[in-house]
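Both of the next two complexes hold chain A, though its partner changes from chain B to chain C.
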Partner chain A sequence: MRLPYYPGCTLKTTAENFEISAIASAREVGIELMELPRWNCCGTVHALARDDVMHYLAPIRNLIRVEEMVGEGLVDEGRVVTLCAMCYNTLKRADAVVREDEEKMQKVRDFMERETPYGGGVEVTHLLEILKDLGWSKVADRVVRPLEGLRVAPYYGCLLLRPRGFGIDDVDNPQILERLIEALGADVVNIPFKTRCCGAYHIVQMKEVVAELSHRVLDQAVDAGADMVALACPLCEYNMGSRQEEVKRLFQGFEPVPVVYFTQLMALAFGLEGATGFEQNRPDPRPLLKERGIPLEVS
Partner chain B sequence: MMDTESDMVTIYVMGKRYRVPADLTIMKAMEYTGHQFRRGAGCRGGFCGACATIYRTRGSYKLLGALACQKIVEDGMYIAQIPYSPAEKKTYDLDKLRPEAGVFLEHYPEIARCLSCNTCTKACPQDIMVMDYVQAALRGDVEEASRLSFDCLGCGLCAVRCPAEIVPYNIAQLARRLHSRYIVGPAEHVLRRAREVEEGKFEEGIGELKGLDVDELQRRYETRM
Partner chain C sequence: MRLKPENASFKAKVAELSGESLDLCFQCGGCSSGCPMTEEMDLLPSKVIRFAQLGLGEVLDSKTIWVCSTCFTCEVRCPRGIDIANVMEALRELKLRSKYDRVSLDSLDPEELRELPQIAIISNLRKLTA
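This part shows the complex of A and B:
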């Protein structure tokens, strides 16, 4: 099944490990992620001001690219797959705004003028939803190296679930990552803070806020006995993974815990060692995996 | 030059009405009306980007952009010249940069404000997909940014129109420099020629030319191979 795939800028820069592991793992379950030609910025943050039509242009143009791909027969359907939680959220909500509001849709079309008008025929999805639709047993069937004994705490953050009505799962008690982790043979470690904020863009100016919020989540995961945290958002990964040094500095006695993308666990369980991308993660999850009896031959 | 009235069109230069031959470029038409270019004219061949011009056609609300040396006048055209865009230009040592997204953000952080509105693309007289190369730069695709912007002359019309106040052509230039420095690498024939110059291969020939009078120089120019 060839599905249109929207990467977004982070997956081409600081989250390449998310992309390579996702593309390889998706292929294993029969999903060919076809990158949109000429995609532009997702819009980064959904415009809350309803008259801010300018900010809808970026996400809507990407949806036009999806319709063009469908029209040219490059993909099998108009469900566009996202990986980055931010891109998912921005595209999904912009799509809903112009579909519900004919006047807004017309304004977007008028502005874009010579460009192909958006037909409103795209469904914005996240890879986790595609996997769920496919069936967890299909995912489990592909596992060649069950992650037995690995204790993984799923973490959702905000943009995959909120606001209500736009999430990929129940906003209060999501289970989609749990089901995936189980399908891969690992143990789910439940943490009540799995939908709390990581600190998001405060990382730009108030690093200590991010350290404090990330610490709450990470500390809870460690306390609950998790070996690692699995997530689906590059900003969460940056704040809780790469910036864990700051948490360590501010909270004495804090034990570092690896933070990985769910797709990296898929690649690992599917036996796609070359596509796990673990070398890009901070802290490095490989020593711990070795400890748990899941050594990586490819480094 | 004799023109019949039917070959003439009416144009407005800075609001003033003129009758000019219909087959002239904006630049030649302005000179026909007695204007003299002191700024905003360079190669006159569509290669230098010095003659950015804003115009509108009769009955249209749209302000369009063109190169004065390339665009043929139209009846009812309203014309204003943009002698140059006083855009900021960063200095950098190419050898100390890396061909990645961070370089663009570091030197031109305003690039992150791109709304993907495509106004720059609409403004480009070279029909370059400006927004696409800005977006390619943002995701660190130096090669694509360089390829898409190859025909950019730096006329500045994109920068004048950008609602996010980005100067796209600066991004384009940096992308092409990074591309040639880190991805394509130096051209062997250029290095070879540079070595020949340094080794004095052309000293004798240039020395001879320096001693010739104008008539002989002209004769040689006209009979050159």
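This part shows the complex of A and C:
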């Protein structure tokens, strides 16, 4: 099944490991992620002010690309797949606004008069939703190296779940990452702060506050005996993974814990040696995997 | 409740920009108890809503509106169906539209800017600069 795929900017830079592992793992379960031609930035945050129509242009232009792909027969369906939680949220919310508000839809069309008018025929999805629809047993069928003995704490953060009506799962007790982790043969470690904010974009100007927020989540994971944290947002990954040195600096005695994208665990369990992207993660999860008896060919 | 004209007009502006019915709030404090950022705030989120209900423009000088990380925890917890994040955004916008910048791009270290994911920079500047 060929599905349109919107990467977003960060999947091409600090979260390349997310993209590489997602494309390879999706292919294993029969999903060909077809990158949108000429995609542009989604805007990262949904414009919440009622009169701020201008910021819908960027996300909607991407949805026009999706409709073009469908029209040209490049994909089998108009469900666009996202990986980054922020992209998922902005595309999904902008789509909902213009579909519900004829006046705003017209404004968006008028602004982009050289584009094909957006027809409102796109469904914005996250890869996790596609996997759930496919069925966890199909995912489990592809596992060649079960992640037995690996204790993984799922972390959702904000925009995969909220606001209400725009998430991939229940806002209070989501289970979608849990089901995936189980399908891969690993053990789920539950942490109360799995839906708690990591500090998000405040990392730019309030670094210590974000380190504190990230520490609360990571510390719970360590306390609960997790080997690693699995998530789906490149900003959460940056704050909680790449910036863990800062957490260590601020909190004496904090034990580092690897933070990985859920797709990296898929690639690992599917035996896709070259597509795990673990070499980009900080802290490096590979020594721990080796310790847990899940050896990786380190190239 | 009768407000002075300046307060009524501020309240109307916040309601229009946010799309929220501010009078629905009965000050249960649920938003404040769930907010992950309260330690950094000068006014609790529920108080910000109270200020908006009363049309008190000094709420624009509160640190809270800039500390909010738009995580929508308050939105899913509000028993009255108010999207508090929308109100926070309306208040930020009112300030930003008077050409106010909370963060200055020039103050950021170029080395750090290279290391930060683009989504961090773009979302930060979208939320905190005019």
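Here is the rule we use: the second predicted complex is superposed on the first by the 297 of 299 C-alpha atoms of A that agree within 3 Å, B and C clash if a C-alpha of one lies under 4 Å from a C-alpha of the other, contacts with A are read in each partner's own complex, and residues count from 1 in each chain.
The criterion applied here is as follows: a contact is a pair of C-beta atoms (placed from the backbone, for glycine too) under 8 Å apart; a residue touches a chain by one contact, two chains touch by 3 or more.
From a predicted model like this one, the values you see are computed outputs, not experimental measurements.
Q: With the two complexes superposed on chain A, say which partner A:L250 touches: chain B (first), chain C (second), both, or neither.
A: neither
Q: In the superposed model, does chain B or chain C contact more residues of chain A?
A: After superposing on chain A, more of chain A is contacted by C.
Q: Using the superposition on chain A described above, determine whether A:R164 touches chain B (first), chain C (second), both, or neither.
A: second
Q: I'd like to know which partner A:T13 touches here: chain B for first, chain C for second, both or neither.
A: both
Q: Could you tell me if A:F111 is touching chain B, chain C, both of them or neither one (first, second, both, neither)?
A: So A:F111 only meets chain B here.
Q: Of the two partner chains, chain B (first) and chain C (second), which one does A:R38 touch, if any: first, second, both, or neither?
A: first
Q: Counting only touches as set out at the top, which of chain B and chain C does A:A58 meet: first, second, both, neither?
A: A:A58 contacts chain B only, not chain C.
Q: Just to be sure I follow: which residues of chain A are touched by chain B in one complex and then by chain C in the other one?
A: 9, 13, 41, 43, 55
Q: Across the complex, what residues on chain A touch chain C?
A: Touching chain C: residues 8-10, 13-15, 41, 43-45, 48-52, 55, 84, 86, 157-159, 162-164, 171-172, 195-197, 199-206, 209, 213, 234-235, 238 of chain A.
Q: Along chain A, where are the residues that touch chain B in the complex?
A: 9, 12-13, 38-41, 43, 54-55, 57-58, 61, 111-115
Q: Mind pulling up the chain B residues that touch chain A in the complex?
A: 100-102, 114-118, 122, 129, 131-132, 135, 138-141, 163
Q: Applying the document's contact rule, which stretches of chain C touch chain A when the two form their complex?
A: Against chain A, the touching part of chain C is residues 16-19, 36-37, 40, 67, 69-73, 75-76, 83, 85-86, 89-90, 93, 102-103, 108, 116-124, 126-128.
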